[in-house]
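Several structures are given next for inspection.
Next come two complexes built around subunit A: one with subunit B, the other with subunit C.
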Partner chain A sequence: MSIEVRNISKSFGKFQALKDVSLEVKSGELVAALGPSGCGKTTLLRIIAGLETPDSGSILFHGEDATQSSVSDRKVGFVFQHYALFRHMTVFENVAFGLRVKPRPQRPSNEVIRQKVTRLLELVQLEWLADRYPSQLSGGQRQRIALARALAVEPKVLLLDEPFGALDAKVRKDLRRWLRRLHDEIHVTSVFVTHDQDEALEVADHVVVMNHGQVEQFGAPEQVYEHPASPFVYNFLGNVNLFHGRIVGGNLQSGSLKVAAPDALAGEERAAIGYVRPYDLDVQRARTNGSTIEAIVQHIHPVGPVVRLELLRRDTQDSLEAELTKDQFRELALSVGEHVFVSPKNLHIFAADYAI
Partner chain B sequence: MTVLLKRRSVIPGFGITLGYSLLYLSLIVLIPLTTLFLKTASLTLAAFWEEVTSPRVLASFKLSFGASLIAAAINGVMGLLVAWVLVRYRFWGKRIVDALVDLPFALPTSVAGIALTTLYAKNGWMGQLLDPLGIQAAFTPLGVTIALTFIGLPFVVRTVQPVLQDLGVEVEEAAASLGANRLQTFRKVIFPSLLPSVLTGIALAFARAVGEYGSVVFISGNMPMRTEIAPLLIMTKLEQYDYAGATAVAVVMLLLSFVLLFAINALQWWNRRKYGAR
Partner chain C sequence: MTVKEAAPRPQRPTITEPVWVRWLLTAIALAFLGVFLLLPLAVVFIEALSKGLGAYGKAVTEPDALAAVRLTVTAASISVFLNLVFGVAAAWAIAKYEFRGKSFLITLIDLPFAVSPVISGLIYVLLFGLQGLFGPWLNDHDIKIIFAVPGIVLATVFVTFPFVARELIPLMHEQGTEEEEAAVSLGASGFQTFFRVTLPNIKWGLLYGVILCNARAMGEFGAVSVVSGHIRGITNTMPLHVEVLYNEYNPAAAFAVASLLALLALVTLIAKTAVEWRTQRDRKELVEIQESLTP
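Our next item is the complex of A and B:
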């Protein structure tokens, strides 16, 4: 079932959590809402679920307006960050809850409930925990039970609020891959909220990046990562070097660096910032053709698959961060204090008045 | 035990603090209790039995335990309600209401007794309203129950409050998203989670009510066979120099209190075991 969010706004007192947000999630997709804390992503999720009512705008499920219907009528599965399992019930009863509270005519028999719950527990690979209480489970297990409980009522839409937020790094990674496989298996339209860009980019079909209650960009993970629509998205999805400067004569001039600006910005003279990922900085011992920046190597971090260099620009005294492969680093054989020449391979320019 | 004593700890003085604690407990708790039993032992078993089963004593036990039970039950319901309001809603003067709950704790019981008697006497504020309905509160078992309800309220509120706070709205939202209506959410999710703490609160309020003396003596009127509570009967017997009789009643109350304490502890243990330490 598709979800359509139309011009949703929501305020809590003086704080505006969402400003005219619109979004479309196609049937069967897994979409991640990504953004820093306080950006409104959880509020958006809660409005879709019906746990919160919008000040204006509407929510459509499969083309039908659902803005006025209550949580229990929307047929959404909601998974909470802190699981919200029923502590006084066994794992089995937690999962069975949604079936047991159905109106009497629709309520399945005990035998049907037993089969269904067992099947769901098998799906989340925890059938051996059926008789335990939530307090006896680990965080990852609790979250999977919460997911099984949400799936028991066969929701048309599955909403997950920071589902892995309370788990440690290793479990998070395992669980998000598991979630992706699960989604490929059951194909229920899902939206999950996260502040972890790796999680969003790895798991989701589409990512919606949010900031200050607004949608910054909506697109496939590679599109959002490779072609950020705004400086905010650039900043949020990984490390970035900033080249502050001015557009003069169709070029961005930043210290000794001079790079051609896109046509849209080239027209008039104005302040602008160039954005470059650390691995898109070319580092050489000798000055090359074209525009380069002279810098001093300040620190070398050789741990991990890449070598990270901290550089100090000689022209503006700003810091830069560059990432080299082990091979490149070995070839250059750099040490701290040496002079290098840096040139950006892939630079995105945004006008400086663009507020982040 | 030797292992425990010899184990090195960063906090010094384990021996001396344990010794002091035991000495203190003996002086404050054990010695008076032992004296109580020794005094009762001056009665033969038959005389003891006759003493504690005499109609007047039985009537006092019936009133004490009956009224306490009713009062604790009322507090169970009303205390849950008060705790609910204090945890779930934000309103002007909430802090004051919260502080008011502790008043029955803080107030000297005799002050509470006089206040309640004045209120519920035939010409008092409440008494005036009840009298035309043919209800007499002061100097009846009803009055006793009112006084015991008054002093028991904080126990339920203060045991339920933290549990309710801990429960959070998320489980209610989870229940709603799974299709449960409000009644089902309360019946199947909220109430079962609160039940152990409500029971503990009721047991505490009951234990306190059984031993209550100061606030009851004024409003009850202390008529033998009708409105005489057990603690007062002990007092009366002492005044008549019937020391053995007084201690016999006391021993029965003591044993019942022990049973109650045990029940409360068992309840809490069951609660902890079932839902785990969180």
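Our next item is the complex of A and C:
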């Protein structure tokens, strides 16, 4: 079932959590809502589920307006950040809950419930925990039980609020890949909220990046990462170097650097900032053709397969971060204090009045 | 669950007082408890049995005493029931929802703690007494509230108002609304959510509130005294009956009835301790869950 969010706004007192947010999730997709805490992503998820009512705007499920329908009518599976398992029920009863509270005519027999719960527990690979209580489970196990419980009622839409937020790094990684596989298996339209860009980029079909209650960008992970639509997205998804400068004569002038600006910005003289990923900085010992910046190597951090360099620009005294592969670094054979020449391979320019 | 080993007692290097100081302080505390709590309790039973078991038996089984017991039990069960329903509803509303006037409602719930019971009794006399606001109308329709059982029930309900709600509000607050939201998202109705999710989570706290509420309802003197009219065998509750007997220079009978109330207090204490032990265990579990969630 597809989800359409149309012009949703929501305030809590004076705080505006969502400003005119629109979004479309196609049937069977796995979408990540990504943003810093307080950006409104959880509120958006709760509005889709019907746990909050929007001040304005509408929610459509499969093209039909569901803004006024109650939580239970929406047939939405919701997985809470802290799982919200019923602590006085066993794992089995937790998963069976949604089946047991069905109105009498639709309620399956005990035998059917038992089979279904067992199947779900097998799906999340925890059938051996059926008789335990939530307090006896680890975080990752609770998360999977919460998921099984939400799936028991065969929801048309699955919503997950920071599903891996409370887990440690190793479990997070395992569990998110497992979620991706599970999604490929059952194909239920899913939206999950996260503040971890790796999680969003690795797992989701599409990513919606949010900030200050607004959608900054919606797109496939590669697109969002490679072609950020705003400085915020640039900053939020990975590290970035900033080149503060001015647009003069169709070029961005930043210290000794001069790069052609896009036509949209080239018209008049104005302040602008260039954004470059650390691995898009070309570092050479000798001055090359074109525009380069002279810098001093301040620190060298070998991290796994890459080497990170902290550089100090000689023209503006700003620092830069460059990322080289082990091979590149070996070839250059740099050491701290040496002079290098840096040129950006891939630079995005945004007008400086665009606040981050 | 893994077997918990007895944790070593934490060292408290801050306590450096010499042994005799510690003993002295403990002794003072014990002496105080003995003189002000245990001694009176013992006196109640000693005085009650001072004229022998036969007199004791007669004092607690005479018709007026039995009527007093019956009235006390009736008033207590009605007010416990009403305050149970109200307390759960109020705590639910306060802990799980945001609304205008919430802090005013909390203040209102505390009102019976703040006013003297005598005044709360007087309020009902001024409202429903013969010279009171609704007095003439009630008189015309032959409805008796003051100096009758309804007045006693009203006064008891008022005085025991806060117990259940006060006990549940912090508990429900601590538990939050996530489990209820989860239940609703799984298709449960409001009733199902309450009886299957909320109630099991608060049952021990609720029982604790009910026990305290009941103890207070049975022991209430001031408010009930004002509205009762002290009609022997009809509007005398146990505490009032004790007073009447004592004023009639019949201390043995007075203490005999008083000993029943004292027994109630002991039973209450035991039940309270048992429930406290359970709630603490539940709460510890909750804390463990929450702690294990933060990596």
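We adopt the following convention: the second predicted complex is superposed on the first by the 356 of 356 C-alpha atoms of A that agree within 3 Å, B and C clash if a C-alpha of one lies under 4 Å from a C-alpha of the other, contacts with A are read in each partner's own complex, and residues count from 1 in each chain.
The rule is short, and it goes like this: a contact is a pair of C-beta atoms (placed from the backbone, for glycine too) under 8 Å apart; a residue touches a chain by one contact, two chains touch by 3 or more.
All figures in this text were calculated on a predicted structure; none of them were measured in a lab.
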What does the overlay on subunit A give for subunit B and subunit C, a clash or a fit? clash
I'd like to know which partner A:Ala166 touches here: subunit B for first, subunit C for second, both or neither. second
With the two complexes superposed on chain A, say which partner A:Val248 touches: subunit B (first), subunit C (second), both, or neither. neither
Touching A:Arg149, do we find subunit B (first), subunit C (second), both, or neither? both
Per the contact definition in the header, classify A:Gly139: touching subunit B only (first), subunit C only (second), both, or neither. second
Touch test for A:Ala84: subunit B only (first), subunit C only (second), both, or neither? both
When the two structures are overlaid on chain A, which partner does A:Ile300 contact: first (subunit B), second (subunit C), both, or neither? neither
So, does A:Val101 touch the first partner subunit B, the second partner subunit C, both, or neither? both
Intersection of subunit A residues contacting subunit B with those contacting subunit C? 49, 51, 71-72, 76-78, 80, 82, 84-88, 97-98, 101-102, 135-136, 149-150, 152-153
Spell out the part of subunit B that touches subunit A in their complex, as residue ranges. 168, 170-171, 173-181, 184, 188-189, 192-193, 274-278
Residue numbers on subunit C that touch subunit A, as the complex places them: 1, 178-179, 181-189, 192, 196-197, 200-201, 285-286, 288-290, 292-295
Touching residues (chain side subunit A, partner subunit B) in the complex: 49, 51, 70-72, 76-78, 80, 82, 84-89, 97-98, 100-102, 133, 135-136, 146, 149-150, 152-153
Over in the complex, which subunit A residues touch subunit C? Could you list them? 49, 51, 71-72, 76-78, 80, 82-88, 97-98, 101-102, 134-136, 138-139, 149-150, 152-153, 166-168
